[in-house]
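Worksheet for the structure shown next.
Chains here go by letter, A, B and C, matching the order in which they are written, and residues are numbered from 1 within each.
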Amino acid sequence: MSENNANEVLIEVKNLKKYFHVGPGATLKAVDDVSFNIKKGETLGLVGESGCGKTTCGRTVLGLYSATEGEVNYKGVNIHALKGKAKKEFTKKAQIIFQDPYASLNPRMTVGDIIAEGIDIHGLYKGEERTKKIYEMLDHVGLNREHASRFPHEFSGGQRQRIGIARALAIEPEFIVCDEPISALDVSIQAQIVNLLIKLQREMGLTYLFIAHDLSMVKHISDRVGVMYLGTMVEFATSDALYAKPLHPYTQALLSAIPIPDPEIEKTRERIKLEGEVPSPINPKPGCRFAARCKYAKPECLEKRPEFKEIEKGHFVSCHLF
Amino acid sequence: MAEISKDKFKIIGCENNNSDEIVRKNITYWEDAWRRLKQNKIAMFSLGLLIIIALMSIFAPFMRSFGVNGVDPTTTNISPNSLHWFGTDDLGRDVWVRTWAGTRTSIIIGIVGALIEVVVGALYGGISGYVGGVVDDILMRIVEILNSVPYLILVLMIIMLMNSNGILPLIIGMTLTGWTGLARMVRGQVLSIKEQEYVLASQALGANSSRIILKHLLPNVIGIIIVDVTLAVPSYIFAEAFLSYIGLGIKTPNISLGALCSNATPNMMFYPYQLFWPSLIISLIMLTFNLLGDGLADALDPKQRQ
Amino acid sequence: MEKILEVKNLKVSYHTYAGEVQSVRGVSFDLNERETLAIVGESGCGKSVTSKSIMRLIQTPPGEIKEGSEILFKGKDILKMDDKELRNLRGGQISMIFQDPMTSLNPTMKIGNQIAESIMIHRGLSAKDAFAEAVKMLETVNIPNADKRANQYPHQFSGGMRQRAMIAIALACDPNILIADEPTTALDVTIQAQIMDLMKDLQDKLGTAIMLITHDLGVVASVAHRIQVMYSGLIIERGKTDEIFSNPQHPYTWALLQSVPRLDTGNKDVLYSLNGTPPDLLKPPVGCPFAARCKYAMEICKESMPEETKLSETHSVSCWLQHPMAPKVESPLNAGGAK
C-alpha cells in the first residue's frame, strides 16, 4: 500500500443523493445515500456494474450535477453552494477525464486548442507562454509536439485519451475524477494509460477518484476501493483488504466473475454465479438493493435497508449478515 | 533461404523511435469537404455556372450601350438580332440589359433574404436548443404559430402597410416567417450536440454559456447552416419572382426577373423571346443552387468523412 | 475433428482518399467442427475485417478482397458463391453476432419475430411455427419467461439479455459456424461470465464451431481451444490455448499477457506496456510489423518478414528470434510476474 504523506481529507461526501425525475411518479435514484471520503494524494477506486450510479456519483462529486440531498465538501467547503467566481475557481482545482475518447474531444478543434481550453477560459497564459504550456502537457502524456496542430480524428483511442488527460492537467488541478478512462481501450493500451496516470500522480501529487468496472485495474491503481450496487455503497475497504477478504456477497460474486488469463486456473476454479439481471434503479423496492439476487437473503433483507457499518478497521459493509 | 550475415541478428531494440508518428497529411474538416465536393461533378458544374451567371449580372449590362429603362418607341418588339442580343420589349427597351439587371436584383434579394433567415433562424434555434426547458417550449410554440400564418396574406399586408415601391417591404414580408425552418433544424442539432462529452468537459473546465455556444456548438452546426443558405437563396428568388409576377413585388422603375416575366406574358404568343430569356435565367439559377446545395449537404456531412 | 472452414492467403484492402490501406495481408487458418478458435489482437489488427470477409460482409468499394484469397466452407469457395448461395450461407450455415447488441437488433420489431425471421428464411416454416421455435430458442439461451419476452421489443431488454437474444437469432437455424465479434466487450463482468458460459454450453449441445474475436485474454482462457494472435493484418503466433499461455514465443504475445494486471501484482507497480501504436497500414513496413515496438528487434527484423516456424503440430510463430542465428531470449513471463 502506498504511503500518504498527508492524511488530510480532501473530499468528504456525506449522505449524497442524486435523483432524476424521469416521468410522472417515476424517480430514478441514481445515487441513494452514499458516504465516503477521499484523502489527499490517494486514489479512491469506485467499482460497480452499469447502472450502479458510479458515473453519476463521480460527476456529482465534481459539481457537474447538483446534489438532490447531502453534501460534497472540498476542504470543508460545500461545493454545491458555491456560485459565480468561487465556482469557477473550484473548476481549476477539480477536473475530469471521460470514458469515451471519441466523444470527449471537439472534432473541430485542434489538439493544441483542446488542451489549452482550460487555460483560455481562466486566462492563465497567453501567447508564447500558452504554447509552451501546451508542449509541456504533450510531453507529460508522451505525445509529440507536432501533434498540437492536428485534429482528434487523426489519433487512435489511446492517444485521444492521452489528449483528454493533458486537457485536464493543463490547469494544474489537485483532484481528478477519472470516469472509466480505460474501458473503451484495448488491453495493451489500458496499461499505457494506467501507468501514465500513476506516474502523473507521483510527479504532481494528484488525488484521483478512479471509476471503473474492471476490477483488476481498479485494484492495481487504488489505495482504497468502494463497491457500488444500484446507487448504494455495499462495501468499502483498502484495496488489499477488499480483494483478500471480500465480505459482501455482491463483492464476492464480482471478484469471482473476473476472467483470469490462465487456462489452468480457469478450468478448475469455482465461480459464484449470479442469476438474473440488475433491477431498474427507477422506484427501487425498499430494503437491501441486492436482496433479489442474493443467495443469503433473509426476510429482513427485503424490508430494511442495512446500515453502512465499520466491521474491521477501515473496512465498511452494508449487509444484514454483519 | 539465402545466407544472412550474423550481425543482422544482434538485438537493437526499439529506442523511442517515431512509433507515435502520424503518417497521413493533416486534413481539416473544410479540406475534406472541399475534396468531396470536387468529386461531385454535377455540383462543381453548378458552381461554375452560378459564378458565370453572377459575373454576367454584374458586367453584362455594360456590354451594351442601352439603358435599363431606355425607352425607344422606334425599336419596339424587335426579335433578337446582332444589335439587340435578346431583342426588345414593347417599349423598345433592350431585353439583354434588362434581363441581366433584373438578375442582379433577384440575386441580391435572394442572398439578403437567405442571410436574414440564417442569422435570425440560427440564433433563435441555437438559443432555444441550448437553454432548453420552459424557454425552449415557449420559443418553439411561437415558431409554430408563425408557421401557421398564411404567408401570402402576411406579405400582402406588409406591402400594403408600408406602401413603398422598393424592395424593403418585399424582403420583410418574405423573411418574417421564412426563418422558422432553419430555427427548428438548428435547435435539433444543438440538442444533440449539447449531450456530447466534449461540451461537458468544457463546462467542467469552467466555460460559460457564450463560450460553449461560440466555440463548441456553432462550429459543429455550421455545416447545416451553409446547406440551408444555399437552398434558401433560390426559394427567395422564386418567391420574389412569384410576387412580382402577380404584381405585388418589384414595381417600375426597378426590375427583377419576375417582373420581366410578368410584363412579357401578355405578348407571349407573339414575341416569345421576351418571356424566354428571363425564365431561362431564373430556371438556371434555381437549378444550380439546388444542385450545389445537395452537393454541399453530402460534402459537409460529418458522418460521411472517410 | 473435421475441417469446416479453410481460409487461404486472405488479403483485404480498403481504398481511401489517402490511398490503399492493407487491412489483412495474407492470413491463412482452419477451423474445425466443434472447436472454439479465438482471434486476439488490438484494434486495427484486422481481426474484424477477417471475420466479415468470411461472411462477405465487406463493402466493395471501398473494400476489396484481393485475387488469390480463398475461403473454403466445406470445400466450396465462399468468395466465388453467387447471391443465392450466399443468402443460404448467411444465417443458415454461418452466423455472426456483434459487439453492440443495441444497434444489431431492429428496435421496431419484436424479439420473437426477429428470431422467427431467420427461421422462416432458412427452414421454411410458417410464421406461427417459426414463432414457436423462436420461443424455444429464447429458452435455450436462458431467458426466463420466454413466451412473454418473445413479444417484447429490444429496448425492454437489458444489455446482457439483448446479447442473448442475438445469440438466439444466430443459432436459430443451427449453423455450423458462429462468428462472435467481441460479444462481451460492452457487457459488465458478471454478465460477461454468463454469456461465455452460455456459449460454451451451446457448443456442447449443438456442436457449433465458434470463432471468437476479442482483445481480452481472460475471456479467451476459459473458452477457447486454439488461439491466433493477429498484429497489423497478419497472424504472428498460433497454437492451442495451453501452449500459448504456458509457452508463448512472440514478443507481442508476451506484451499482451503482461499487460493484464493480475490480482497478485503489487499495488501501483508499473505495468508492462508497449510504447507507441501499431503501424499505419497505408504504408505497411517492409519487415516485421512489430519491429518498431519490439524490445528484441534486430536489424533483420526491419528488413524482411520472418517466416513461420513450427514449434509443434499445433503451435507456430512468425519471429526472427526463432532463427538459429538469433540470440536465445527468455520469455519475461517466466521470470516472476505471470505464471
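Rule of thumb we're sticking to: a contact is a pair of C-beta atoms (placed from the backbone, for glycine too) under 8 Å apart; a residue touches a chain by one contact, two chains touch by 3 or more.
Quick caveat, the model's predicted, so the values are computed rather than measured.
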Longest centre-to-centre distance from subunit A, chain (CA-based): B
Busiest interface, counted in C-beta pairs: A-C
Chain centre separation (subunit B, subunit C; CA means) in Å: 49
Separation of mean Cα positions, subunit C and subunit A [Å, integer]: 31
Multi-chain contact sites of subunit A, meaning residues that touch two or more partners: 142, 159
Shared interface positions of subunit B, touching two or more other chains: 20, 22, 24
Subunit C: positions in contact with at least two other chains: 275, 277
Partner subunit A, residues of subunit C touching it in the complex: 42-44, 144, 158-161, 188-194, 196-197, 215-222, 241-242, 245, 255-263, 265, 267-275, 277, 338-339
Residue ranges of subunit A in contact with subunit C within the complex: 1-2, 49-50, 142, 156-159, 186-192, 194-195, 198, 213-217, 219-223, 239-240, 243, 253-254, 257-264, 266-267, 271, 273-274, 276-278
Contact footprint of subunit B on subunit A as seen in their complex: 62, 64, 87-88, 91-92, 95-96, 98-100, 103-109, 117-118, 121-122, 142-144, 147, 149-151, 153-155, 159, 164, 167, 171
Subunit B - residues contacting subunit A, complex: 18, 20-22, 24, 26-29, 196-198, 200-207, 211, 215-216, 219-220, 302, 305
